[in-house]
Structures are given as structure tokens and as C-alpha cells.
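A short worksheet on the structure shown next.
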Amino acid sequence: MLKKIGLVAVLAALISVVVATTAWGSAKAPRAAAAATASVKCGKRVSIGVAYPATGGVAFLGALQFDWAKTALSRWNGSHKLKIKLVQGDTQLTTNAAANLAVAHSFASNGKVLAVTGPAGSQEVQDSAGVYKGAGLAPVSGSATRIFLTRSKPGNTRETAKGFFYRTVPNDGQQGDAVANYIHKNLNKKRIYIIDDEEAYSQGLADQVQQDLKNVGINASRNHVAQNVSDFSSLIAAIPSNTQLVYIPWQQAAEAQTFASQLHANGKNAIVMGSDGIDAPGQFKTPGSYVSGFPVDATNPVYKSFTKAHKGQPEAFGLPTYTSIWANATAIKMACKAGHGKTTRSAVRKDLLKVKLNASQSLLGFPVQFLNKNKSTFQGPGDMGGTADFAIYKISKNGTYTRVK
Amino acid sequence: MHPLLFSVVDNIRSLGWGGAFQLLRNGLVLGSLYALIALGYTMIYGILKLLNFAHGDVYMVGAFLGYGILTRLNGPLNLAIGIVPAIALMFAVAMAGSGVLGVAIERFAYRPLRNAPRIAPLITAIGVSFFLENSVQLLTNGFQYTYDPFELGKTGNEELGPLYHTVFSVAGNPVTTVQLLVVGSALFLMTALVLLVSRTRFGKSMRATAYDREAASMMGIDTDRVIAMTFFIASMLAGAAGVMFGLYLGVTYYFMGFLAGLKAFTAAVIGGIGSIPGAMLGGLIIGLVESFAIGYVGGQWSDIVIFGLFILFMLFRPRGLLGSRAIQKV
Amino acid sequence: MSDQSNTPVPDPPDAEAQTRIGVDSWVAESEDRQARKRGFFGPAARGWDASPDPVKLFLFIAVAGTIPFWMNEGDLFVYGLFTVLYATLGLGLNVVVGFAGLLDLGYVAYFGIGAYGYALVSSDHYGIHWPTLASLPAVMVFTGLIGLGLGLTSRRLVGDYFAIVTLFFLQAFLVFTNTANPVIHGIGLTGGSSGIGNLDPLEFFGYSLTSVKQQYYFFLLVLVLATAGLYFANRSRTGRAWRALREDPLAAEVMSIPVNRLKRLAIVMGAALAGLCGAIFAAIQTAVTSSNFTLNVLIFIFAVVILGGIGSIAGPILGAIVINVSFQFLQPQNDHPSIKRWLFYGAIVLFIALMKPWYRAVVVLVGTVAFGLAVHAIVSATAAASWTAGTVTDAGSGSAGKAIADWVVIPNQTLHGGFATYAYIGLVVLVCVVRSVTGWWRTVVLIPTLYMAAVVWENVLAPNPAVTAEILFGVLLIVIMTVRPQGLIGTARVEII
């Protein structure tokens, strides 16, 4: 239908609009070096950048995280005078360096972005740390759990700069410890089989639990399965029949449910234990299984309304994103107040250390305040201090989660 | 490499005969699914010489259609009608829906490119695949849905629904209803297809069009209609495979078509692309290889084994097991 | 064609774009060549055609070189650097697909091998730190050798089979780097799903390329060199032999052109260029992960080459500019939601405006607006209030936002979740119907289709910009192939029977 000139004309028009917009935006945005201290008015378009996987293999997790972020924002805007907007950044898969860096650069050059929530994956945090630091931003991640992001250990240096990364989720060390302790001390199981889903989150947790169990003399077997495989029958055939507990730190609750059902249908009656990635009462509901998750207060009105809006299927993996947005917003508010209506990125970043949320504000079940130095075995500057820890839930016959630790 | 070989031998020994039977059983079930999808690839290639990358996504749409019917019938746990009519309805709707989708894709994306250079319909196929995957992602928010096959149609206090009842056992290893259902329906559909192609007049016109499209149209065959029907049948089979997958394993999400499509595609090529019995054979082979590879070699290397085997196969017998040698016309 | 307006037989709708069978390509282009380019762009187009090639390259360098001066760093990274990257990759793919006629679906694996190769010799992973002047050529040679290995199979494999083998090679590469990750010398070779991080930046004679601007200029230099190199290759004997091979391999072989050697040469050159891009890309990112080399990226590169025009040298560059700029602009982090909205509506209006004759365009425009208002009124009057209670994303309560909310039916999302699915499917069906009917029926059906497009945009697409970009991408591929398979600058190819 379109003749040749028409097609070219349309394309030329579209491209020129894009170029013009970019040029105008670029010209107005501060240069990178000055971005950290550029003064921004706390008016209508103060924004928090949200870096999450909106498309790609783990898009459903990203969608959940973003849902929580939207919930946080609408609650904030509804109860505070300072209105904030969200800018979405699609980091695609959890380890797509190109998209991740593109998002980091976009946020860096967007003068209205004063704080960042995300990125979702630990590797992404490490890869984009340099860009964010150069722009004066401190990302607050709701799901990057690698220990070395906030703590250095012999053989591993700290992967982000101090003061330029925070997280509202307890790290692998804390979760792995909680799980290993429960398996060893409370359940008293000795024949353990660990299966990771070949993603960084899963491997980190699996490694930690395997190491912890080894330290108390339990040699757990280890296997892997690709994340989107649904036919576990061959994998199950390889699991010895005398296995007492199978630990699956996966991210897809539906897959975990299928796995557990197949396992039992094949006559292997091991207990299945999962991580916070499959802490999803509507989807992972095999009776007798365990899950580690946040000690969320189920009577919290925000949690209840989120569950209702999602057709009765609550989900906790994205919860820390809510906390992250709230922490960022609180920091922005503090900085704006101190600057009398104007503030800079470095002021917001410094105010993150002053943020104090109580248990019902953070929604995580414990109060939140960021650390400025090392604490106990696994926590470092940027981790949450206080009583941040994981809870263990047991799934009863009708699928409800009961907290047992 | 040495430790790898050791662990393979170790696995074989520890799994024993019982384990081997389980792997065989799983491989047959999986292989039937791959065979159904591979048939679609092979039929479309045979008739249009086109590698239809979007075929895997038709399979995915079929699975979602089945899921849609399931929710209309009040979900896996409180079925409004009995389980047998429910499954029949799911099959019917999914097959019809995927068939229509396939015909639409052919009509609007491929037909204008009948005479274009070979790369054009290939790129369009990739574009269609991209479009389907992302549309479903958009509409489902990337969420994973499940047919709940273990609970489907559960009555009373039994632990597993009727789909997972044991029909018979071999040395203590159960064979369940759903496994027989999948293999049985796949066999039924494949037999029906073979009969259609070899015994009916329509099948004859399909074979004629595949052999030489221009000559066939000169002999009075309406090639457009034949091609449309081919797409319909091929997509119907893929839709059926989608529902079967849902009933067997339950998980349905927007990206499931990609990997399944790739493996089914391998199957079609190994069997000889363009050959219908070849696709069936290829599907079974791939299913068995995958099952045994996961069981004996371990999750990390099984995919590499499959792909490596495939590349070697292509080097030494590119026309596949049952394919005909490609003749270059001058 | 316009001087046939007094004949009763109408033009076939896509006559220009369809391949003409049995006509020599030189003859097919002769009409284009003889007609003086008219119209608004006439003088510019004629000037462009008349200028010698080095001038065109110089113009390009001049324009591209000034970009860092008005773009800030973040935008330069996203719009500038990635465009140059895809342009270079497109050039390499063009050698394999456009010059030698081989459908290589595993091209992005060379890109990945180059990146991982660089990562292994320039990082703390194994503690090897080669100087850039050594690592870049080494990576190129290594990737070229792998390409050669794959090319040695092309002797046995014809056309489609080669495509299949390369596709599987790509999958094997992805599985190898992401999952298999064999343990060599104590640690996993490829770093598994986390990849390899902390790579050394590019360094030449003590001068490190660490800022985006420096990296951009370096990559631009590589692009220019590659362009020049391919230009000369194209004009040489080898280039002519490649073109013969592409058009008809059997005839070329009969004419004693060493077909297999040329195929292998094309593959090796394409692979080496991709490997070089991979190494530079890895150094810029300072990390490499397998998810940067998936099928999505391959499709992106293919789209770049195809949109630009297979076989032409300027084609991939133009294609990269158009595709990367639009794609990145549509990404959610480029925060201009109201502009995206006006682009969408603007595109619709432009589409209507290009319809001939002019009264048809007016009918469609007026009809769509009226139809929308009517539907909105009916829905507000008959259905519950929640059916029109939704809000327009990111347009606030300004007059534009209100106008749209009064025209498009936007139901409350949480209460009517299924609406989005049905509207979307309805739109696809309507588009199919429009394509099937002709004449005045087409005009009539176009009206509800355009309205439905607006409904779907406001309800489904605008709130999910990331996925929308991907969908538009897929649609773009389909539309290009149907409307103009030779791309923007390519020449219409002819199938000789």
C-alpha cells in the first residue's frame, strides 16, 4: 500500500523525532561527572529508576518485582506530599550485560533519576557498579544476594564500592545458614540431595548450603537442571531412593511443584525444601514440604491487598523490591527536606544510611536499617542490620504455609 | 574428560535395569510429543521448502488454549464436567484453534512470499515466532500457568488424580494413565495422518504438490488450498501436542515453544526432513537420547550430547535417516 | 505507472516490490536508473547517486564523528556505541549472507567466541593479561579458524542444511558456555551463567580506552576500516566471483569459479570480523555473559542487514541506525512516554494521510474518530462505570489525557483483566480481515481496526513498553519481508528459473 517515497518519508520523520528528542534531552542532562552533585528540584518529576527483567526468561519474576514496586509507589504517593515517579529499565535476563549496562547508562544520564531500585541479579550489580558509582547513584537491590557484593573474604574482594550499593534482602550467607541449620539441627536429616537450576542465584545458595552441611560432616550430593525444563523424570531416576531431603533453591514455583509431585509419584518420598524463590503459597503447595522465606506478617493490610489483587496468589520474592522503593523514597524525602525543596544525588545517597523503617513499613517482618560496617559472618556495609533473617515455613495438607522457625 | 566417563559408567551401574526402564519409558513419552511437533515441521518443509520457525509457538498456543478451557471449566480441582469429556473438549478446542492459527500465518505471512528469494519467508517465520512469543508474554505477564495434572479430577482423598494412576508396573516401576494417554493419542494421530497421506485423494494431491508445485497446479490441483490444509493439519498436531504436554507435566508459559520446537526440529531433520515416517522415527530417537543422556550423563552435559550428536549426524548423513537425497535442478 | 490511469485495469498492489520472474536484474533496474528522481527528495537523491563513493564515506564519518559533542555519555552508549556495533556485525553478516549467499544462522556464535576469547586472555580468570595489540588479532585469527572449521562442512551441506547446522552450532555454543562450563585448571572455563567479569579495557601504547567517548571513536574507526576493506573486496575479482556464486552456485561452478574456496573465504572473513567485534564489545562491557549471544541478538543483526538491503555495503549501516535507534528509543528506560504516545498516534495519522485518493483518507480519519466516540458513549451509557474507569498511562490529567480517555475505552484493569487479551486478539483478527478484503470494504473495515489499535495501545502496549518494543520488532520483520524484501537500499533480486 505504501509507495517507496512514502515509506522513506515515514521512516525519516520517525527517526528525526527520535533524534530531536534525544538531542534535546542530552543537551539538558548533566555531564556524567557532574551528575552526582547536580541540583534537582523536588517537584513533579523526581524519579526512582527501577531496573528489573521485564522481558526474557525470568520476565515473570521481574513482573512480580515491578508489581510490588508499583504498589509501594502508589502507597507512597497516596500518603506523602512529595510525589515520585518510576522509570522502568528492562535488564532482560538476569545476566545480560549489554542490556544491563544500557539501563545503567540511561538512568545515569536521566537527570530526574535520584535513586535506583535494582538490578535484580548479583552479576548485574557487579557489572554496572562502575557506571552507577560514576553517576553518583547507589542502587538498592531487592534480590541480589551474592555475599561478596557487600563483604570481602580471603580470596574474594568486595565487588562494589562502599556506600554505593545497598540491598533490602538478606544475602546467600544468611539464607544458606538458616537452611543448613534447620536441616541439621531441627530436621536431623543426613542424606541430602541438592539440585540447582544453573542460574547464579540458585548456584550461590546451593554452594552455601552444601558448604555449611559439609562443615558439620554431611556430604550432600549435587546435581543441576536447566531452568525451563519441565520433564524431571530422568533427573528423578538418578536420585537415590534413600534420600531423605531434596533441597531445590529455584526461582520458578510452578516447576518446583511439578518436580515435587513427580518425585512423590515416582515413589521417592524425600522431603522437598525450597528457597525464597519458590515461596509462593498459590503455586508451590506440596504438603509436607518446607520453604525458607521472609518472616512476613500475613495480616499486614498491604500484603493482604496485594494478595487479593493477584487472585489470592501471594508471592514473596518481589517483596524486598517494595522495601527498596520505600527506602529510596524515604531517603529522597529526607534529602529534599534538608535541601529545602532542592537536592542532589549524593545527598540522597548519603541519606540512605539514615533511613529507618519499622517492621510494618518494611513489610519484611523486621525493621530495616542499613549497615555501615561488617557484622557477624556474612553481613557487610550495604546489608540490612538488625534482626534481618530468614524464616522457615512448613506446608500443611491444604497448602497453607505455617511458620516453624 | 576421564572423570566424565567414570561418572557415566557409575550412573549406568547405579540406575540398573529398573532405572533403565524408567528412562526408556520417559523417552518414549517425550519422543511421542516431539514426533507430533516434528511431523508439522516436516510436512511444511515438504510442501513449501520452508523451515517454519513459528511452529513451536503454535504448539505453545495450543497448550494455552487447553489451559483456557480448563479454567472455563472451573479449574483443575473442581471440574464442572467429568474428566474424560473435559480432556476431549480441551483437545478439540486446542487442535481447532491451533489449526486456524496455522492457516492464518500461512495466509498472511507466507503466501505473499511464495516467489521471493528463500531467505524472505525464513525471516518472516522468525518474525512471526517473535511476535507470537512476545504477544503471549505480554498478555500473561510472563507468568507460568499449570494444568495441575497431579490433582486434575481428583475425587475424595486419593493422593494423585486419575491421570497419574498406575495402570501397570514393570519390576516395580509404574506406568501411569497419562503416559499411556500421550503415547496412545500420538500413535493414533500419526496413524491417521499416514492413512490420510497415503490412501486418500487429498493425500495424493498433498504428495503431488510437495513433489512439484507448478506441475501439480497445472494438473488442476488447487495448490493454495492444499497448502492451507497442510498447515491446518500440521498445526492441529502441534496443538494436540501442547495439550498433551500440559496434561503430562502441567507447566505452560510463553517461552515453552522455543526449546521444544528446536528439539522437534532436530528430530525432523534427523529423520529426514520432508519424510513423514522419518519425523516419527526422529522424534522417538530424540526423546530417547534426551532421556538417557539426562539420566546417564547428567543435566550439565545432556544438551551438548544431543547437539553434538546432531551435528555429527548432519556431517555424515545430511539427508537424515529416511530422507531422499536432495537433487539440484539445473 | 501513473500514465496508465485511463486504463480500466488497476495496478496490482505490490507490483514494484515483488520479484519479477525471468527478467534479468540489470533490465529490472533499468527503469529505476532511467527515471530522474523526482519529488521532494529528488535533488538530494540525485546528488547522492552522482557523488563518488569516498565522498559518501567521508560524509558519514563527518556526521558520526560529531555525535559525541552533543550527546551525553549515557545516550552515546545506548544510541551511538550500539549502533556502530550492530553496523559492524551487520557488515560481517552481509559478507556471508549477501556476498556468498550462505544462510548462516549461527553467526552470533562467532561474536560470542570472540568475546569469550578476549575474556580468557585479558582478565583475572586465569591470570592471563595479554596486551591489546596481541589479543585482538589473536582473537580474530582464532574465531576465523573456527569459522573455517564450520565452513569445511559447507562442502557437504547445501543451503538449508547449512542453515540448520549453524543454528545448532549456536545452540551448542550457548549450552557450552552457560551450562557445561568444563572445569579446566581448577575453575570453570566460561564462568557458567555468571560469565567472566572484570576484563581489562582496551589499551594502545599505554593509552586506555575507558570512557564511552573514546570507545565510540575507536569502534567507529573499526567500522570505517571494515567498510573500506569490504568495498575494495567487493570491487575485486573475488567480489565478482562472490556475486556469481550468490546468484547461481551451479552455474558458477561450471564456469570454473572455485566455489568451495570462496564460500570458506566468506565465512572466515565474516567470522573474523564478528570475533573482533566480540573482543571490543567484551572490553567495553568489562564483562561477558552467554545471554548476550542468544537468538534474539542474531535476529537483530539479521534485521539490520535485511532492512538495509542484502548485498549492499551501506545497507547494514543504514539498517543499524534505523533499527537500533528505534529499538532503544522504545525501551522503557528512555523515559519519554508522551513522545512515544504521539509517535504512535502520529504514525497512524501519517499512515492514513498516505492513502490515495485523498477523500478516502479523510473518510477513514473522520470515521475512526466518530466510531470511537460512538463506542465510548455506548459503553458509558450501558455498561457499569468500571468499564471506562481506567486511566491513561503517563498522560496525567492534562487535556490530551482527558481527550484520549473520552475517546478510547479503558476499563479498570483489575476488575476486567480479560479485556486486554480479547482486545489484542480482536485487533489481530481485524488486521487479517483488512488484508483479505479489497476496495471499499477495506476502507470500511479499516475504521474499527484503527480504533481497536488505539484501544490496544492504551490498555496493553503503553503500560508494558519493554515487551511492546519486542513485538513491534517482530511485526517489523514480517512487514518488511512482505512490502519490500530487498530492504531500503538493496536491489530487487530476481529468481532465474
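Couple of notes before you dig in:
So that you can tell them apart, the chains are marked A, B and C in the order they are listed, and the count of residues begins at 1 in each.
Rule of thumb we're sticking to: a contact is a pair of C-beta atoms (placed from the backbone, for glycine too) under 8 Å apart; a residue touches a chain by one contact, two chains touch by 3 or more.
Note that the structure is predicted; figures quoted are calculated from it, not measured.
Looking at which two chains touch through the most C-beta pairs, you get A-C. Among the chains in view, C has its Cα centre nearest the centre of the complete protein Cα set.
One finds 30 Å separating the Cα centroids of chain B and chain C. As a whole-number value, the distance joining the C-alpha centres of chain A and chain B reads 35 Å.
Within chain C, contacts with two or more other chains are made by residues 179, 464, 467, 470. Multi-chain contact residues of chain A (touching two or more other chains) are listed as 55, 59, 198, 224, 226.
Residue positions of chain B touching 2 or more other chains, listed in rising order: 134, 137, 299-300, 303. Of all residues in chain C, those touching chain A in their complex are 13, 16, 39-41, 70-75, 77-79, 82, 178-179, 192-195, 197, 212, 281, 285-292, 321-322, 325-326, 328-329, 331-336, 339, 343, 346-347, 350-351, 354-355, 414, 464-467, 470, 483-484, 488.
Contacts from chain A toward chain B in the complex involve residues 55, 57-60, 62-63, 198, 223-226, 228-231, 233-235, 237-238, 240, 252-255, 257-258, 261, 264-267, 283. The touching residues of chain B, counted against chain C in their complex, run 49, 51, 104, 107-109, 112-113, 115-124, 126-132, 134-135, 137-139, 258, 262, 265-266, 269, 299-301, 303-304, 307-308, 310-311, 314-315, 318, 326, 328, 330. Interface residues of chain A facing chain C in the complex, by the touch rule stated above, are 1-11, 13-15, 17-19, 21-23, 25-27, 29-32, 47, 49, 51, 54-56, 59, 87-90, 92-93, 95-98, 101-103, 105-110, 112, 122-123, 126-127, 130, 198-200, 203, 224, 226, 309. The residues of chain B lying in touch with chain A in their complex are 11, 14-15, 19, 22-23, 26, 30, 134, 137, 141-146, 150, 159-160, 164, 174, 176, 245, 248-251, 253, 255-256, 259, 290-292, 294-295, 298-300, 303.
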